[in-house]
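Letters A, B, C, D, E and F mark the chains as written, and numbering starts fresh at 1 in each.
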């Protein structure tokens, strides 16, 4: 169970409800997932985190679906089970097909493999990759 | 310096050269980066790893540029400096603009933040996210 | 279930009981948590680990509550669920309020975010930070 | 070198300078460390990240020095060299003595050890630790 | 539940069954564990992953039991519960005694501790260790 | 440079010298690597860490070379550069051939890949693997 418990909409303060309402409006859904209900014990962090995510995950130079898949890639690498479950669901809702999911997993797996082999062999960065600006 | 050193094209066996040639042909480039030169001490692993990467990073349900950005997301999460340098360069070569890179970093940063907050608050997976098939 | 199972006080050897007794006396409690019961299969490691923790977590230049919160910060970053549950409980027992817990989570989340952004942007260490002694 | 390079104060836009000015005023210093100069390529992220850190690291239920040490604990666990260097310096500036640093390192080391042993022995969470609210 | 569900032998295509058959023949067992059943949704990845593991885990310069214990060491460090459970079982089947398991855990725990202390103290690599080839 | 600097033998207290002497005698060498010189600022931690390592890395149910390779596997997974450099050297000194090193890297790479794929596919632990004792 969440350390401080979960705050349901009916029990939330006006400040928390305002965030919940914005989450539901932005995501075009009528429910709030547990992460926000756990964070609602700390309204300042709830608001800051939601504002940041809303801004970052909005369409921009990258497609929102690509952003969700990046989120899954990070969550898998961190072995965060909640995050994998929730962001895989979000990605599917935004159009990730099974074929896309399978390729996503293959890339994430391979990246984790070669990351470690590179480091284990103590490979130095090529001059070409160091260029910078 | 790499643990076993680097094997340059001129010093490579025919088996290793064949892999180097395929890497250069596939990537339309005339050089080999250090990772492969370090791995060349183990020709079986060199071949297997290259074949896997070639297959996985090819166009499919996901765009090759998206795959490179996923690779960067994993490498940043793993704090693998070589991998960040090399795959950022690859992503740029495949068309990643500065605007895309900045959004990529913002998503990766935020994902790492919320991954830990979710876990720290001990949030349970929502029933909706557990559905599966 | 724990790989080798758990050893209860009643089934423990005198050597293991001595460690259990010291844990309970030091922590002013009358029970032993599962970690120690799992480790009890390896009495030398049980003793060594308990001695080290007892020494390290004792009051010193840092307050024991601060040490518990550091333990939670590491456990969250490692995504170790058992460790988060047990050390959050220990911290609460040593006086961590909900307000302190919320700030702890906010700091840990933010640190994980900026850690990855720093690395992803490939930021070099400032000369000022390199000084050392 | 940082992927997009570093933006010095003299080359910064008014928007970026405003953040730089606030960083220097808040920290009572006359220089800006590389992290911010790298992030300045993305003014929205620069502002959001600074605002979040400023809010989170301010005095609250936890002392600012404790917060810095938590930051170091996370950074060490993530093996983020830049972050360790910069936050160790910040902690020292806020009053961390060598004795405190040594205890910090001992706790972080021990936490990382027991985190892994707990998981490796597959220890289940004690009922007492599951209680929640 | 696995994201895409599990594919049982009876429901598998001929291509997948061929891999399942080879897994059972190689491991001298009559069942398939969940990892392969989850991966079976992506037959190309299933085949590639199995071929790689079969090749890598075969006897060579290192004993198969040593390889299994290395697998456990990595899985514990990554906090991958499934991997710890399955590879601990495999190691036991290949002859890992309880005494060996306990030493394995002690080494893995200690390595994780000193890894972090080394990094936290910002220790530079000794010239002797840099030699390479 | 190490945060608190390095303490050379000539500058060390009798307490630290005793540990240095034991390290050199145990390892049959005439020099001390930087990790210990950094830790020497905290003599209690220096002694505790050395005693633990000496005890854990001694011959037992596992061969000392196997233990060194486990140490490398953990260090690679943690991306700890110092640790990889120093323990690869130690393993070589204890008899690790290039062929063994290459297989070690292949196993560590593959383990990191499948660890993430297992988690990403959200695979549940098989009943058979849960048995325990």
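Rule of thumb we're sticking to: a residue touches a chain if its C-beta (ideal position, glycine included) is under 8 Å from a C-beta of that chain, and two chains touch if they have at least 3 such contacts.
Not measured: the values here are computed from a predicted model.
Common neighbours of subunit E and subunit F under the contact rule above are A, B, C, D. Counted by C-beta pairs in contact, the busier of C-E and D-E is D-E. The angle needed to superpose subunit B on subunit C by their Cα atoms is 180 degrees, rounded to the nearest 5. Over half of the residue numbers at the interface between copies subunit A and subunit F are found on both sides, making the touching surfaces mostly the same.
Computed from the mean C-alpha positions, the centre of subunit B lies at a distance of 27 Å from the centre of subunit D.
Centre to centre, using the average C-alpha position, subunit A and subunit B are separated by 20 Å. Residues of subunit C in contact with at least two other chains: 1-4, 49, 52, 77-81, 85, 88, 102, 104-106, 108-110, 112-117, 119-122, 130, 132.
Those residues of subunit C whose C-beta lies close enough to touch subunit E in the complex are 3-4, 41-42, 45, 49, 78-80, 132. Listed in rising order, the residues of subunit C touching subunit F in the complex are 1-5, 44, 48, 52, 55, 130-133. Contact residues of subunit A toward subunit E in the complex are 79, 88, 98, 101-102, 105-106, 109, 122. Those residues of subunit E that touch subunit F in the complex are listed here as 1-4, 31, 33-35, 38-39, 49, 52-53, 56-57, 60-62, 66-67, 69-71, 73-75, 77-78, 80-83, 85-89, 97, 99-100, 102-104, 106-108, 110-126, 128-130. Touching subunit F in their complex are the following residues of subunit A: 72, 76-77, 79, 81, 84-85, 88, 104-106, 108-110, 112-117, 119-122.
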